[in-house]
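Heads up, the next two complexes both have chain A, just with different partners, chain B and then chain C.
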Partner chain A sequence: MRKLLIALAVVAAWPAIAHQLNVFASVDGTDVVVEAKFSSGKVPQVGEVRVYDATDALLVTLPLTGEETLRFPLDPVAAQQGLRIEVNTGEGHEDYWILTPDDIAAGQTN
Partner chain B sequence: MRSITLATLTAALLGTAAQAHYGMIIPSDPMLEQDEGREIDLTLSFSHPFEDLGMTLDRPVSFGMTHDGTRTDLLDALTETEVMGEAGFGLTQRLERPGTYIFTMEPQPYWEPAEDAFIIHYTKTYVSAYGEDEGWDSELGLKTEIVPLSKPFGLWSGNVFQGIVKLDGEPVPYAEVEVEYYNEDLSAQAPSDLMITQTVKADADGVFTYAAPQSGWWGFAALNTADYTLPQDGEDKAVELGAVIWVHFEEWMTE
Partner chain C sequence: MRWIALTIALLTAAPLAAQDRTRIVAVNHPLAYFAKRLAGDAAEVVYPVPEGRDPSFWRPGIADIAAIQQADLIVLNGAGFADWVKKASLPRSRIVDTSRGFAGEFIATDTVTHSHGADGAHSHTGTASYTWMDFSLAERQAEALSISLKRMLPEADVDPVLDALRNDLQALHDRATEIAARLEGQTLIASHPRYQYFARAYGLDIRSVSWDAGAAPDPAQIDELTGLVQDTGATIFLWEAAPPEDARTAVTETGLRDVIFPPLAVPGPSGDFVADMNAALDRLAALSG
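Then we have the complex of A and B:
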């Protein structure tokens, strides 16, 4: 688990910037729920969500919709090893959240 | 026995009587990042932080966590532990979502014979989770509290911390605020007892300012006398109400 976190963190290391974008993801039953917002509290209106598995393989790319949350079905196979969810809103605003297997298991049982 | 010996020895080495009492809530991490896990440890105590002297903390009247305006009662989650050689409490708490988590404790009234008064320190501390700070400036509506004007985490040593002292929801003009460093490893030395507990006063709007000279945990205690008394030995005794906030200042870092 620690190796996964370190590997994913290194791959997804971004430079710090003003108007920081914060990304959080959780699992709600069979769905992954992604939340992205700027440090100002505003929700990004455009951008892209990229979902990677623990081997850094890109699983899916989704557009942001301007809503506070974005949901997509949890891939049960990839879920066993964890996911990295990146959000890019352009202009250098990027952030990620790592859903660990423990996070996923906790969300599936809620 | 061990605690008494340690406390006595420490006091003797410092060559001074114990200074201010502080309610304390100290988390293992004031800013939890996602690669550091999903849990923090907290210790609750009633102590003399600069001298690292513990006192007995009885089970608090209340202890809880506020996040995004919702309070979670954590009193039953507390487990007994030893802090600075005396009875305290601890717990491990999962932080589910990003944002600011505010931990608050109302202790039982502590009878202090030397001051002929009871002491109640409404104590709180702040933890940000996963890079988000929303909620750091919220007012909880405690009997007395310090409402932060500076974000109470993510401060460099040398930064100022500002807060408003409130009692029953109203600012307290010229409130006296005691400031003390949690001298956990006893490395800090005070050339005078006056520098173990420093004192600043708020302005006419209840706003006080303090610049921390050193990284670590700093406690701010705004003390006021309650408008009620409590009985002790058949007499009505005054009650000192403390609004205590613990703030962590970070060491300036370079590569």
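Then we have the complex of A and C:
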């Protein structure tokens, strides 16, 4: 009975564990590639991507499209100083990724 | 002329030598303190979080991450401490996760509960991250760090320093055990949920509210505290950081005795983790009768 209760507790807790938003970004040649997923594996259907430069100036805001990845052209000037990419899917689910100049340079040459 | 040239050469070489010094970045004060003691003069140890910022929730800027990526060793606490370490590419070969060896002993927590969408009310589970507050776990973190340092700094005499550090942490452990024994049967309330490992290690019943460090609680927070005192019969209140005087008055008016007991994720008054933790234990001991 105790094992059953523990099992039920774990199952009940699962949606909570599975609900965190995770963001990863990289550079692929001349594009920035952003991946946003909940830890359940689900791709967020709505939300926005905000791209900031090293001075915290907002460069661009893009809507999430429901696709696994979102690509946008790398700004060559911002590439020199790095980017912070934030994804907000609403209702408290937000995450970010930082691309340093070294990360960007590595992605441009790959 | 030759001496002048040699002097100029030495002077211009000095900054280069400084740059070449091994650089270690640690995500919190305890680990920075351990690294400084263990590495001695063989490395420069950097705690990158600006003064007044909570290292658990610090969000580094791009330049901060760029500097951290250049470090020779990045010392992580693990257990979910410092969320930023998962928000950037860090060189895996230069990372030491000091709590990896006891991941099975982490304490799970419920961190956020909210309600929306098809999932309805739910909470995001988390992990208590102030592992070093169990001083025997702190010792294991120091040992894990020492392994990386011995590999990276063969010239540093790490072992004798590690022995001394372990003795200090063991002494903290023994003191905490002895003080906790005198607090047996009492409930403590903390101003923030930072003491899970301390409570488990030393058999204490520590409940928590979630007040901002150094801020005065509002009337609703005092009501919550009063209810908690009535429910638990708590007698002692732990402040994570020195509170404003009116906050202290509000707490003691509930009948609680209070003590400033910082977990020292950030540097304490002396900058010496062991000394500052001993001072905190002194204050707790004074309330333990």
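Here is the rule we use: the second predicted complex is superposed on the first by the 92 of 110 C-alpha atoms of A that agree within 3 Å, B and C clash if a C-alpha of one lies under 4 Å from a C-alpha of the other, contacts with A are read in each partner's own complex, and residues count from 1 in each chain.
Keep this in mind: a residue touches a chain if its C-beta (ideal position, glycine included) is under 8 Å from a C-beta of that chain, and two chains touch if they have at least 3 such contacts.
As the structure is a prediction and not an experimental result, all values here were calculated from the model.
In the superposition on chain A, A:92 makes contact with chain C only, while chain B stays out of contact range. By the touch criterion defined above, A:108 lies against neither chain B nor chain C after alignment on the C-alpha atoms of chain A.
By the touch criterion defined above, A:83 reaches chain C but does not reach chain B. Look at A:20: by the touch rule set out above, it reaches both chain B and chain C. By the touch criterion stated above, A:41 is placed in contact with chain B alone, chain C being left untouched. Of the two partner chains, chain C is the only one touched by A:54; chain B is not. Annotation for chain A, partner touching more residues between chain B and chain C: C. According to the touch criterion, the shared surface of chain A, contacted by chain B in one complex and chain C in the other, consists of residues 20, 95, 97-98, 102-103. The touching residues of chain A, when paired with chain C in their complex, are 13, 15-17, 19-20, 23, 54, 56, 81-84, 91-92, 95-103.
Contact residues of chain C toward chain A in the complex are 59-63, 65-66, 69, 87-89, 110, 112, 114, 116-117, 119, 122-125.
Per the touch definition, chain B reaches chain A in the complex via residues 34-35, 38, 96-98, 130-134. Listing the residues of chain A that touch chain B in their complex gives 5-6, 9, 20, 22, 24, 26, 39, 41, 95, 97-98, 102-103.
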